[in-house]
Amino acid sequence: MRITQKVKKILANYESDNPGTKANLARILMEGKLGGTGKMVILPVDQGFEHGPARSFAANPPAYDPHYLFQLGLDAGCNAYAAPLGALEAGADTYAGALPLILKMNSANSLHPKDEEPTQAITASVDDALRIGANAIGYTLYPGSAYFYDMLEELRELIREAKSVGLPAVVWSYPRGGDISKDGETAMDVDAYAAHMACLAGAHIVKVKLPTDHLEQDAAKKVYEGENVPIGTMSERVAHIVQACFKGRRLVVFSGGGKKGDEGIFDDARAIRDGGGNGSIIGRNSFQRDKDDAVKLLGTIMDIYKDKS
Amino acid sequence: MRITQKVKKILANYESDNPGTKANLARILMEGKLGGTGKMVILPVDQGFEHGPARSFAANPPAYDPHYLFQLGLDAGCNAYAAPLGALEAGADTYAGALPLILKMNSANSLHPKDEEPTQAITASVDDALRIGANAIGYTLYPGSAYFYDMLEELRELIREAKSVGLPAVVWSYPRGGDISKDGETAMDVDAYAAHMACLAGAHIVKVKLPTDHLEQDAAKKVYEGENVPIGTMSERVAHIVQACFKGRRLVVFSGGGKKGDEGIFDDARAIRDGGGNGSIIGRNSFQRDKDDAVKLLGTIMDIYKDKS
Amino acid sequence: MRITQKVKKILANYESDNPGTKANLARILMEGKLGGTGKMVILPVDQGFEHGPARSFAANPPAYDPHYLFQLGLDAGCNAYAAPLGALEAGADTYAGALPLILKMNSANSLHPKDEEPTQAITASVDDALRIGANAIGYTLYPGSAYFYDMLEELRELIREAKSVGLPAVVWSYPRGGDISKDGETAMDVDAYAAHMACLAGAHIVKVKLPTDHLEQDAAKKVYEGENVPIGTMSERVAHIVQACFKGRRLVVFSGGGKKGDEGIFDDARAIRDGGGNGSIIGRNSFQRDKDDAVKLLGTIMDIYKDKS
Amino acid sequence: MRITQKVKKILANYESDNPGTKANLARILMEGKLGGTGKMVILPVDQGFEHGPARSFAANPPAYDPHYLFQLGLDAGCNAYAAPLGALEAGADTYAGALPLILKMNSANSLHPKDEEPTQAITASVDDALRIGANAIGYTLYPGSAYFYDMLEELRELIREAKSVGLPAVVWSYPRGGDISKDGETAMDVDAYAAHMACLAGAHIVKVKLPTDHLEQDAAKKVYEGENVPIGTMSERVAHIVQACFKGRRLVVFSGGGKKGDEGIFDDARAIRDGGGNGSIIGRNSFQRDKDDAVKLLGTIMDIYKDKS
Amino acid sequence: MRITQKVKKILANYESDNPGTKANLARILMEGKLGGTGKMVILPVDQGFEHGPARSFAANPPAYDPHYLFQLGLDAGCNAYAAPLGALEAGADTYAGALPLILKMNSANSLHPKDEEPTQAITASVDDALRIGANAIGYTLYPGSAYFYDMLEELRELIREAKSVGLPAVVWSYPRGGDISKDGETAMDVDAYAAHMACLAGAHIVKVKLPTDHLEQDAAKKVYEGENVPIGTMSERVAHIVQACFKGRRLVVFSGGGKKGDEGIFDDARAIRDGGGNGSIIGRNSFQRDKDDAVKLLGTIMDIYKDKS
């Protein structure tokens, strides 16, 4: 496989990583319809843990079968498929080498008591990732939670071990809990903070939600307004997140959120592209519809990213 | 032993497992009167921990002797006998190789303070399982408990170690504690969720209680009703649980619950069979009666399973 | 030493244990005036931790010297002497090989805050037991305490390690804390439950208090009454405890409790003997009196046990 | 590199350290414009974690790029650059060997719930420090916090490991939390206590805030007044901190605090110099302004230190 | 060095210890003006942690320098100098082999929140003790604290490791916290209990405060009064502590407490001597005065001990 200049330039930003880790990052960046462009569309399916099986798959019952999800990622030409251990084990041999896999290392669920501060359970190990042939580990952080420091230490330990065996880390950084308001979870200042801390913790790819123009913290609001940081449009906000990710030295992708109209999804992708983001993670909007529809939708998103790459 | 096509097909679903783990799974599936059919009846005796000795054995005093329980599993032609370490150690040499053993790794008891969130103590290790010749480990999860994440991490660690030495994992997934109501413990949505998480955590055999048609969580209720998921009959509910277990890629068995009339037990078995479930775990309904009666009852249940297998 | 048939039969019940562990069990069972009878009288001295030095030894000041206690066990012909590490270290060299030692692994004290749930501190290791030449480890469990699951896990870890180097485990199982009433601590149902759980956890010798005919838990009361379990006399209650200890497959000894009249102690011994129990642990009633008196008292108890063995 | 007499004398105070640790201490002391004088100016950038990206870098956007900060430290002739792992990894290869690096091992953030007692998360390991070529580890202590004992144990473990591989430790000792008032955080008695405990814990370089003449603890106040400890001027207070650092046997530097007028910064430097302190750590006052300005400011501070060294 | 008969007899009481541990105990017992007498005066300086630098050293500023304290111990002819790691590291090379060192392994401080139950942080390891050439480890226990069981487990782990490399353990046993009243901290019953538990935990040298005739616990009071334990004079109380220390099989020394008149100190020493105690630990009364005065004071105390030894 000839690595493109665009991807080589991205890899060069990971200057402290060993060749094994860069090689796996390259495999993800060179895969699928966006292979070599420096943009990515990743298929994530951890809703089984997050919301349970019926809320995840009843709308499109073939998706109850773990093989369906591997096949969807492959057919759509995604850069990688991310899921918890049990779901990957159920197809990793059949699809060995077929598409890059991101093993989700921790998981939460909605049966958990509501008055507990948010956290997740570790449900996989780096050895599991190697054993099933995964190309990266995935981990969710909850900045703002009373458990955040514990999660951060857990993440560091996993990244340290993963990097030593050539596996990069994808970090979902989702503020919640503690003093953070519902609006604050996607506030510009909080979202940029969450992305920045993931970079400081050593994430290779950061995943955050698309931010709103709300500013949550007073001390931050003063700075955004005083320094006239432009955050009026979605693409400006994406650009600020990119800035917070070491001024573009770290890859950052954005989640599509809940099910919504296709045009909304395409608008998001255009804003991510125009703001300099590196792509999307599209879960429920892809696997909760008929596969042909899903492949078509993901194809349109990929075309948007290719448009200016 | 010639492995049947039915069992070979089941083993193929465990595509990420090593041959040692599949071999022990095969030993359980090929044992007893249901050997080779893909159906199972397992004898579990952890009531000594759960309810104490008198509530477990006073109704049938010979059962105070651990040897009695091995002999019952053997005489009845069960696929396996599951119990805590002390009880297995007391007969493992006498019955070495006689029938597959599932070593129960954690245990709860009813002397525990009622206002504590439910959890269990680890009372055995994978090394213990190997030392006494067990063919699988067993573990109880409590989805919904404030301790669930800790239990999940503990389970993952045990499964990882067990699989590395060729032992599959049987996971009892029993929702309780936290925000879950008494009815919610066997609600359709919660039970399917519990079964699904056990699969995501890497269980080889899942054990849940038979579900009712109650729906506990509002967000789930909306989906079950909106997508018209059929849950009106017990066999439909069993079929939904099978769907939640990776669309049948993971074995799932159901508990008989407290002592009840024999006809009720047979009806349950027929519903499990018709819904595509893989069998029953029958404890109190077997060891709390005279052995001849118990062997006869279990034989009738096995006949029901054989009927269409 | 020629092992008696009685002891050989007892050893055979420990069918999963290695020869080293059985050998140490045999040393205890073959020692002293009851050697070979299958009955035991053990001298336990952990009151220094439990009640402090003056409450333990001021009544008989020579007992402040650790050597005195070894000598007492030896002179009285006890099967073993049980004590915390510091006390054993102070005489283990002088009395090396003279009589079997049980190293008490955890300890509580009465300076501890009263409103804390009961637990104990680990004050010795299996390596310590080997280093000082002990023949068994001792451990106290508190069924009912909020810390019980932690204690149970700790015990399992110690037993696992001890057995691997040939040391059996003596488990003091003393219900207290949590929802258990003062009367419940020695209630028939609770005491049998405590003994049974020690067996399930892998104890080689169980030690419980002599039970009363009180029944603490409603669910248990229903069974004892419904099944007409005989618990009216002390020897019936002892017999029920023996039943709860795997129907006699595990050794069980009973504590003498606080200082009381000698006749009361002899009556207890007769009830233990007649109920099929394996002996007594006699602490304060022996070391808090003049040594000659103590030797005489213990001799009378041993005669009671020998009477029908 | 010929080590100056001044630096040799300082190194001799670290009499229990191995040559590797002294060599790295020497590299820091011999670097930059103050190299060899025994004085230091260190560039610390952990505000990304502490305050988030915008509050740290919006005032001078080039600083969003981690390379900018390495270059600033280099251009200004600082003795070392201190930052969290992610930020150092992003430039450690490009700037390999160019200037001494202090890897900050723990980090706090302002999204954390306000009502939690202050602590930090471990975000790097000693192996990380070696891997990226750092010359020292950095760690923040919070004396007074309910978590202080945990932090102290964590620090000791890190120092033990760091020293064994030749890395000295820089300890930020910042009283806060628990019973300490806002004024108490920089009170003379508390600040000296914080510096002293860092030395007792084995810090090679201590970093505290410049103290005020407030006395927080009554028992201390009595001694300061009774013994007439001179603390009226800033240089007297610095001299007392030096005394608390083993009478000058340990290096101590002072933080500049929040953004303030340049003359205030220079006054601080003169007081540190006159009191016998070993230098400054200047963060926000340097990287939140144009680089040329920052280099000029840091140069003036260095001239002040050189003036009498 | 020819070990005296007196010291040989003491060493024989440590019958379970290896020669390395006895050799270091001998080094302490054979050192200084009391060398060979079986009596000891130890210089302890952990007030820097306990009370902060000014409250410790402002009264005698040369003591801010760690070397001063080594020199004081040496000049006064003490048996050993005890201090935290940082303070010992600052002089261990200069004074290598000059006098026995006791490395204090845990430390508390008075900035800690007042409403926390008392405990200490581990601030050194057994490897540190070996690395700096210490001859023993020191550890503080707080009997009565809610953290006591944790401290006891920590102590056991440290003693186990220390003894395995030939280092004896000096245990400061200071009751406080939980249900213990202020008067109870030095009550006869509580102090004897604290000394006894240190012995049970394996301490080689116990250090307690001189007891008052107050009796704290009702159950103990009944015994002291019922058995007429003589505790009316200080020497009687010391004798009772010696009795609680395995009837003299373990060394026990007493602290001088806060600064007080010299005659009071001498009276204490006489009572310790007459009661059969093994000596004093003298901190604030020695290093908070001019060195010549301190050497003279310590000399007088040593003369008192020599008087009848």
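Every chain is named by a letter (A, B, C, D and E) in the order it is written, and numbering of its residues begins at 1.
One rule holds in what follows: a contact is a pair of C-beta atoms (placed from the backbone, for glycine too) under 8 Å apart; a residue touches a chain by one contact, two chains touch by 3 or more.
None of the values given here were measured: they were computed from a predicted structure.
*Asks:* If you take the chains that touch subunit C and keep only those that also touch subunit D, what is left?
*Replies:* Under the touch definition, subunit C and subunit D have E as mutual neighbours.
*Asks:* Can you grab the rotation angle between subunit B and subunit C? Superpose on CA, round to the nearest 5°.
*Replies:* Angle of the fitting rotation, subunit B to subunit C: 70 degrees.
*Asks:* What is the distance, in whole Å, between the centres of subunit A and subunit C, each centre taken as the mean of its C-alpha atoms?
*Replies:* From the centre of subunit A to the centre of subunit C is 58 Å.
*Asks:* From the C-alpha centre of subunit A to that of subunit B, how far is it in Å?
*Replies:* So the centroids are 36 Å from each other.
*Asks:* Touching at least two other chains at once: which residues of subunit D meet that condition?
*Replies:* If we look for residues of subunit D contacting two or more partner chains, we find none.
*Asks:* Mapping chain-to-chain touches, which pattern fits: line, ring, star, complete or other?
*Replies:* Topology of the interface graph: a ring, with each chain touching two neighbours.
*Asks:* By the touch definition, the chains form a closed loop. What is the full order round it when you set off from subunit C toward subunit E?
*Replies:* Ring order, starting at subunit C and heading to subunit E first: C, E, D, A, B.
*Asks:* For subunit C, which residues count as touching subunit B in their complex?
*Replies:* It comes out as residues 13, 15-17, 143-146, 148-150, 152-153, 156, 160, 175, 177-180, 189-190, 192-194, 196-197, 199-203, 217, 219-220, 223-224, 227, 229, 240, 243-244, 246-247, 249-250.
*Asks:* Could you list, by residue number, the parts of subunit B that touch subunit C in their complex?
*Replies:* Residues in contact with subunit C: 48-49, 51-55, 58-59, 61, 64-66, 84-94, 107, 109-114, 116, 119-125, 127-128, 131-132.
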